[in-house]
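Once you've had a glance at the structure underneath, I'll fire off some questions.
We call the chains A, B and C, going by the order they appear; numbering starts again at 1 in every chain.
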Amino acid sequence: MDTKEALFKYCLRLADNNLVLGHRLSELCSNGPILEEDIATTNIALDLIGQARHLYQYAAEVEGKGRTEDDLAYKRAEREFYNTLLSEQPNGDFAVTIARQFFIDVFDYYFYKELLNSKDERLKELAARAIKEVTYHLRHSTQWILRLGDGTEESHKRLQTAVDGLWMYTGELFEMNEVDEILIKEGIAPNLNDIKTKWESKVSEVLAESTITKPEDGWMQTGSRKGMHSEHLGYILAEMQYLQRAYPDAQW
Amino acid sequence: MENQELEILFQQKIDREEKIEPKDWMPEAYRKHLIRQISQHAHSEVIGMQPEGNWITRAPSLRSKVVLLAKIQDEAGHGLYLYSAAETLGVTRDEMLNALHEERAKYSSIFNYPTLTWADIGAVGWLVDGAAIVNQVSLQRTSYGPYSRGMVRICKEESFHQRQGYEIMAHMAQGTPEQKAMAQDALNRFWWPSLMMFGPHDSDSAHSAKAMRWKIKRETNDELRQKFVDKTVQQVEVIGLTIPDPELKWNEEKGHYDFGEINWDEFYNVISGNGPCNKQRLSHHKKAHDNGAWVREAAEAYARKKQKSVAA
Amino acid sequence: MSKQDNQWPLWEVFIQSKTGLPYKHAGSVHAPDKEMALQNARDVYTRRSEGTSIWVVLSDNIVASNPDDQEAFFDPANDKVYRHPTFYVMPEGAKHI
């Protein structure tokens, strides 16, 4: 694999993460616990899908085969998507939505901070834009973790269940493969081991303050770096890609 | 002062085009009328999120996805502004939501029609928002201050909504034969319900006369409907679609389009709960509300705990 | 059940559109506490870059003058034109004053 191919795949991974999580949040539109929260969730979804678009556009440029952002989002199959298993997990109740968001926000926050040092100018620019958005996302999800964890007995129980249930997907956030190796050497991508340490300390701190017990690290699910997903992704794509697939000659 | 005397002063103020503010004296019937109208308007924005939300996950391009999402978010925001305006009249949002759930309050019956294809998202943005905008532009001059200010903000923000819908329709009308058929079909299904959005004929409207005298409404249902038809016909022609009304014809003498009679039987049936989606829309809203109860309670419980610990 | 439910307290939102300008009332939001009120205000009222800074205050904490007092409160200022610069006659030709 050369640097160009690695960079292409790397951009796809980041874009897929944002698109799939943005898709999940967009499913919540008109389903929020209160109108204000509906608007907040939509803001985050818009940020994420916006980031995905920039990343797909860059991926398409790097690839240089004339594909567009929509080709990349709408015309790849399940095994060609590289988003994390965590990002595709169903919304569940509000506690699951918030726990999933929080784990990813903490990751994104430290990740984009590191990506600001990338030797790739475009990724650096993207990171500068994303870090502002992600800082707010993290603030939002942290506030909710505190309120649900230390709110009522019921909310505490629900959040603990959500955290326990999603924990097995968190290990994968930090997995690295050949793509990372190549790009770390070039100074383009951050080393995810460094991010893992920061992630763990931040997550421990917030969970402790919210009176939630941090789960023991056990068996971690894996697969997305090779395009192996949970059954959920197939349905996301079936829904998302339906019009493009049903009318391949149409422009939208 | 006697009520009668106050009422005369109130009407004089309205006639001078002065705005009524929350703490001003107002006839109880004026307050009631406003609460009914503004909360109905707010519910419409919020329930209106559903038929459009139906297509967010299936939007055919990333651009159309973010645009649609931003638009629906605006509807949520507009619902919120309107609830706030109604709250200045002494009713709580909780009470308004209860009234909605118990079917004591209504919302625009247009949202009881389903969005079946992607072209329907075009039709909703173009025709439904288009009709709403005609009404809302007029309401910017409504006599109640908070409602009027809310309308000004909403009109400003909504200016892109109709374009979003028209762009989808225009694109599809010039696309493949299948796309064009979808666009025409959407126009066929949404045309008449859009005209119904302006409400019954003035002669049949229970609240119209009073609302006009109090300048809550500034133009009548029929005047607004005519405005909408007049400006929309040309837009239909430009993109090569056909309005499903054989009686539609330019009337040189009046300087307006003549158009056919609305199916009022359908209108009253949809209003009274027999539309294709009435039950679905309401149960969706209730479900989200009920599912959110523990979240709202948790946040309140947390706030109470923190306040106690500050006080202690 | 929904009878006892509620929508959180109401907060008034004031937004400064540019540094140096006064804060202007933008509308209101519901929120359980001040941190969330600030966030909700940001999410609801600055979607189109309307602001650089936000104030939120519990609606209950706002004290408003009563419309019945309007004359007593505000009319006395009407005949004090000497508070406005145009009240004064300046000699012909004087500059920068």
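Throughout what follows, a residue touches a chain if its C-beta (ideal position, glycine included) is under 8 Å from a C-beta of that chain, and two chains touch if they have at least 3 such contacts.
Source: prediction; values computed, not measured.
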Task: Farthest chain (mean CA position) relative to chain B - done: A
Task: Innermost chain by mean C-alpha position - done: B
- [ ] Please compute the C-alpha centroid of chain A, do the same for chain C, then give the distance between them in whole Å.
- [x] 40
Open item on the list: For chain A versus chain B, what separation do you get between their C-alpha means, in angstrom?
Closed with: 35
Task: Intercentroid distance (Cα basis), chain C paired with chain B, Å - done: 28
Task: Interface hub residues of chain B, defined as touching at least two other chains - done: 73, 77, 80, 293, 296, 299-300, 302
Task: Multi-partner residues of chain A (each touching 2 or more other chains) - done: 34-36, 39, 43, 147
Task: In chain C, residues with contacts to at least two other chains - done: 7-8, 29-30, 32, 36, 44, 47
- [ ] Write out the stretch or stretches of chain C touching chain A in their complex.
- [x] 7-8, 29-32, 35-36, 39-40, 43-44, 47
Open item on the list: Could you list, by residue number, the parts of chain B that touch chain C in their complex?
Closed with: 21, 23-25, 73-74, 77, 80-81, 84, 87, 92-94, 97-98, 101, 150, 153, 157, 289-290, 293, 296, 299-300, 302-303, 306-307
Task: In the complex, chain A residues that touch chain C - done: 34-36, 39-40, 43, 139-140, 143, 147
Open item on the list: Help me check something: in the complex, which residues belonging to chain B touch chain A?
Closed with: 46, 49-50, 53, 56-58, 60-66, 69-70, 72-73, 76-77, 79-80, 83, 118, 171, 175-176, 178-179, 284-285, 288, 291-302, 305
Task: Residues on chain A engaged by chain B in the complex (per definition of touch) - done: 19, 23, 26-27, 29-39, 42-43, 45-46, 49-50, 52-53, 56, 69-70, 73-74, 93-94, 146-148, 150-152, 154-155, 158, 236, 239-240, 242-244, 247, 249-252
